[in-house]
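Naming follows writing order (A, B, C and D), and every chain is counted from residue 1.
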Amino acid sequence: MKYAAPTTVDDARSLLADNPGSRVFAGATDLVPQFRGGRPSPPLLVDLKHIDRLMSLTHEDGQWTVGAALPTSQLTGNAGFTAAFPGLAEAAGLIGSDQIQNRSSLGGNLANASPAADSVPALLVNGAQAVVATADGTRTVPARDIATGPGQTSLAEGEFIIEFTLADPPAGTGEAYLRMIPRSEMDIAIVGAAVRLTVDGAAVTDARVVLGAVAPTAVSVPDAEAALTGAALTDGGLDDATLAAIADAASTVCNPIDDKRGTIAYRRQVAGVLAKRAAAIAAERARNGA
Amino acid sequence: MTATENPTYTWVGTRPIRHDGYDKVVGKARFAADLDLPGQLHTAYLRSPHPHARILSIDTDAAAAMPGVRAVVTGADFPDLDPMNPNFDVSVNVMARDVVLYNGHAIAAVAASTRAEARSAAAAIDVEYELLPAILSLDESTADDAPLVNENNITRFVESDGPSNLATVNVNERGDVEAAFADADLVVEREFETAWVHQGYIEPHACVVDVGPDGRADIWASSQGHFMVRAVTAAVLGWEPSRIKVTPAEIGGGFGGKTTIYLEPVAARLSEKSGRPVKSVMSRDEVLRATGPAPAAKVRVKIGATSDGDLTAIEGWLGYAVGSANDFAGLVGAMSVASYKFPNLKLEAIGALTNTPKTAAYRAPSAPHAAFAVESVIDEIAQQLDLDPIEIRLRNAVVEGDPTAMGMPHPRIGFVECLEAIRDSEHYRSPVPEGAARGIGTGFWFNIGEQSSATVNVNEDGTATVITGSPDIGGSRASMALMAAEELGIDVYRITPVVAGTETVGFTDITEGSRATFATGMAVVNACRELVEDLKARAATILGVEAEAVDWVDGEAVADGKDPLPLAAIAAKAKSTGGPLTETASLNAGGAGPSFAVHCCDLAVDEETGHVEILRYTTAQDAGTAIHPSYVEGQMQGGTAQGIGWALNEEYVYDDEGAMQNAGFLDYRIPVASDLPMIDTIIVEVPNPAHPYGVRGVGETGIVPPMATIANAITRATSVRMTSLPMSPPKILERLGER
Amino acid sequence: MSRTHVTCTVNGDEVDFLAADDTSLLDALREELGLTGAKEGCGTGDCGACSILLDGRLNCSCLVFAPEAEGRDIVTVEGLADGDHLHPLQQAFLEGAALQCGVCTPGFLVAAKALLDENPDPTETEIRYGLAGNLCRCTGYDKIVRAVQEAAVQLNGAGK
Amino acid sequence: MPRVHLMADHRRFTDGVATLEVEGATVGAVIDELERRYPGLGELLTHGASAGIDGVIHADPQYLAVGPDTDIWFVAPLSGG
């Protein structure tokens, strides 16, 4: 297995074109365990961290651009970004230890296509767009269209994610991400739940709810979004009926599996609990931000 | 030898910086995997993907022809031992012969110039299997028509009429339990189960082996006992032990799991075949798939009590799933639950074989499973009788002279003192925090003595070197130095404690059973006492007085009318007074004192997710005498943390094919720092009369109480009695849903 | 087998080595440079025993490919002490008995340094979460957390 | 004579008797006498038991001297972690 560290998107593109079967990587936090687990290694590893564009974080004209290979510790360490996207920052900050945080990236977390990826539900509730390097240019697609199943993506051979774009959230928006793990750290989510709410005065005007680890890919919960949209918001937060409806909707939309990390029944039940709790936090944040 | 009452010591009980500490904080300490020899080869193993299969053929030709490959071995390269040979099971576990007994069982190993080459070659070995029925649980193993797990297994310690799935049986009985249950005011009976759990040492097994052209082997190994490594490696190879020299590397944790061997004979054979040194290091995946977990268990316990809270009878059946072969020396640990004065008792423990990795000792082997059950039932009795959980235990606690489960009377023990220490602690006296609940649990371990040797040399500058053969897992060198400093009367930093190899110190058994500070410490004390006699005689010569006129006080020879003669001055005249100052002592120590512990835990349960948060934890344990209190606390805290992991999240997850699904630290979830609070320690000191300083040994007991302590707190928090370990969030939520 | 020539700074010294491209930085440090302080406990980034600083940031060296070290600045446990003068963390670990077997200790020391570099006055909870990537099976973490607290006091008291 | 205490699973050799007096100046001699009286029992005690004497467990007790007032508890062998 050879290693290459191109410094431009074009160079990376050429390396991938010239070496079929190659893999791009940023942190390799998933890749190395896969190799050690016996997964055949590719002929060439293309390190994306030397391409400035993939390592940058900018905020211009109401839009954040996050390099796909940027270590998540640099996202969580950016005060502007964490203020704008507290839930996404929380999610990014949950990917493994401090050691992992200095390697893991949003691009890797999404392109690895683990159903349990922490940052993905939070990316999706924020409507992130992925800018993808193609064989001869770039294309921009919703982040939600990248992962298609466990370990499967819509990226063609030789394609890789350059960056994500996220529009500034409207005033009165709050978001939150919660996950369930058996320990307090270092685990893969058994369930993850991201909620983003926008409020106008005393009611929710826009709601997005996405769950992780309960289906082959991160899934939206339209019924929860419907229950939230228009829901009243008081000093006490969302009312119990709305919270119950969110929990029900989240549990219903699950299509989880039994595995070493959790059972179907457990994931279903806890998906509802976390969706409800994340909604309550998002509502609180939205009120404070409104 | 008896311990002094209320002794006042100069060094014993102090907390010096450990002598090997500097090397360990600057990265210089040499663990086995840190050693490299010129020209060394690296190994890779082929391991069985099936839990039980006959090996029809192994084709290693392609592997042997691959780049960098210097040697390949299979079971055919090792002699077949007689099944009654005590090392038979280890021999088969090291390398499968005709049958693989578990998924992960070693089938072949390759030595090559690089690890990558070795791995590629191992993968190119072609094996033909005939699958055999696999037993993956205790219930399957003990079923009437169960297929045999291991056709060579004969039940130990009882008469046996042929191969069986039963590994060992241990029955203890007194009084009449049936009559006692009939008379009891309250009888509580429950069944509990526990999962396979791993010792989880951070250092994977490793060794470097160099077999020379003369056929002699040099082995550097991380183990709990290098004389054990020598003996067992020799047995597996069919060699005389003296052909092998074992140098102990630093050991990166063991907890019982390194009281046996896996790699050394294979590396030796590969070195012999290749003529090159061979370094063999397991991956974490191999550690979990192929080295010693502790048994899974099923425990049924029935306890009777009077309405006043007197425990009148206990009946218990304790079944342990011990894996594919058994060197699980008895199940006496299961009997450690008899911490109470049950007048009537009937306990039966069995070990049953399963097509899973051969189990190995893990801290207080077999006691945690049993204590989980018994301490849970006693707590339930306390709740039903509305008694304080400590009061009911105090009321029934064994004291000196009360019988153990085996009937033998207890020596002086400190159970009552530990219960009182928790009862009187700030933790127990403070109110339970809002939203939390408190649990109590106890445990004990017998501890063992065994053989140890020590040599003490006084150097020409008046310093001393203390040489023992006990691998130092948790700071025992510092304890040896403290005891020597106390005896010799010199500064602890003027003593260099050394763990020496098989050719440079007398035979010493494994560091296990909390015996190092106890038994090896006793050898050190004995050697020092002989040395002091010699020093006094030399001083008499120098001072020109009768030997009887010399006393040894604070590191000096003292005689009436003479200036005191410090040790350094005597050392400087060693040559002219009879030659080098050195003494050696060896012994087979009896009198290891049992150590009891009582734990107290506050926790909160998230009733919507089943997640448990440990909020506060206090442990009181009888150390006899704490030679180095910091490392006594460390043993108490470490055992407790392992017990908390066992209680909450640790378990082997197998698929239907017997393949471990969580063979890594990501999904085999040992506690991380943020899972735990500070673990407060109360060292109780009830000296062991059989040790010159009263040492009991503290390593084992700490892991025994946490499971019940936590279960009892969860019950008090949720009104649900958890009977299955681990008490992971899914299991707790499921039980909460049944309320 | 072709090997790549890598030049980098390790513990203040410019060094170079040859390594196959798929060699981990951990293996390169241990086998090519003889720096065996960093340990392999898992090889998958889950235990932290191989922790190093890479351009000042905490990393598991088992997850870093050796060629990635080209031109970078690396600090291992061997580089924490200033000559014979131990780093306050090392001293606190010794005095506080914050190690038993010692195999996780190098990783903890490096991780704790990274933590205190970033957050000189961490709370107990911050220490526990900051060190959650480092597994210790011997101590129950109690004495490790206390040693980091003590080292923080020492470092802050030194006027840093 | 030394008093011998048997574990429950060894009492089937003795018709359920748990405690008996057995002649012998050492534990080994006592085991030999037990084997003579109850064929098979001595073999199990030699290879599958430790002896607790005066509150102290001995793993290899063969040559330990015992007196007329000694209680010998045969217990399953013990190891540790």
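We take it that a residue touches a chain if its C-beta (ideal position, glycine included) is under 8 Å from a C-beta of that chain, and two chains touch if they have at least 3 such contacts.
Bear in mind the structure is a predicted one, so any value in this text is a computation, not a measurement.
Taking the mean of all protein Cα atoms as the centre, the chain whose own Cα mean lies nearest is B. Taking the mean Cα position of each chain as its centre, D sits at the greatest distance from chain C.
Ranked by C-beta contact pairs, the top interface belongs to chains B-C.
Centroid to centroid, with C-alpha atoms defining each point, chain A and chain B lie 43 Å apart. Separating the CA-averaged centres of chain A and chain D is a span of 68 Å. Chain geometry summary: the mean Cα position of chain B and that of chain C are 29 Å apart. For the pair chain C and chain D, the distance between C-alpha centroids works out to 55 Å. Residues of chain B in contact with two or more other chains: 199, 255, 283, 664, 666, 671-672, 674. Shown for chain C are the residues in touch with two or more other chains, namely 22, 43-44, 46, 129, 132-134. Of all residues in chain D, none touches 2 or more other chains. Chain B contributes residues 156-159, 168-174, 199, 255-257, 259, 329-333, 346, 361-365, 406-411, 445-450, 512-515, 588, 590-592, 690, 699-700 to its touches with chain D in the complex. In the complex of the two chains, the chain C residues touching chain B come out as 1, 20, 22, 30-31, 35-44, 46-47, 49, 76-78, 80-81, 86, 90, 93-97, 99-106, 109, 124-125, 127-129, 131-146. Taken in their complex, chain C has these residues touching chain A: 2, 4, 21-22, 24, 43-46, 48, 51, 54, 57-60, 62-65, 67-68, 70, 111, 114-115, 129-130, 132-134. Residues of chain A that touch chain B in their complex: 33, 36-37, 180, 182-188, 190, 259-263, 265-266, 269-270, 273-274. Remark: chain A residues 1-3, 5, 27-29, 32-33, 35-36, 41, 45, 47, 49, 71, 73, 96-100, 102-103, 184-186 touch chain C in the complex.
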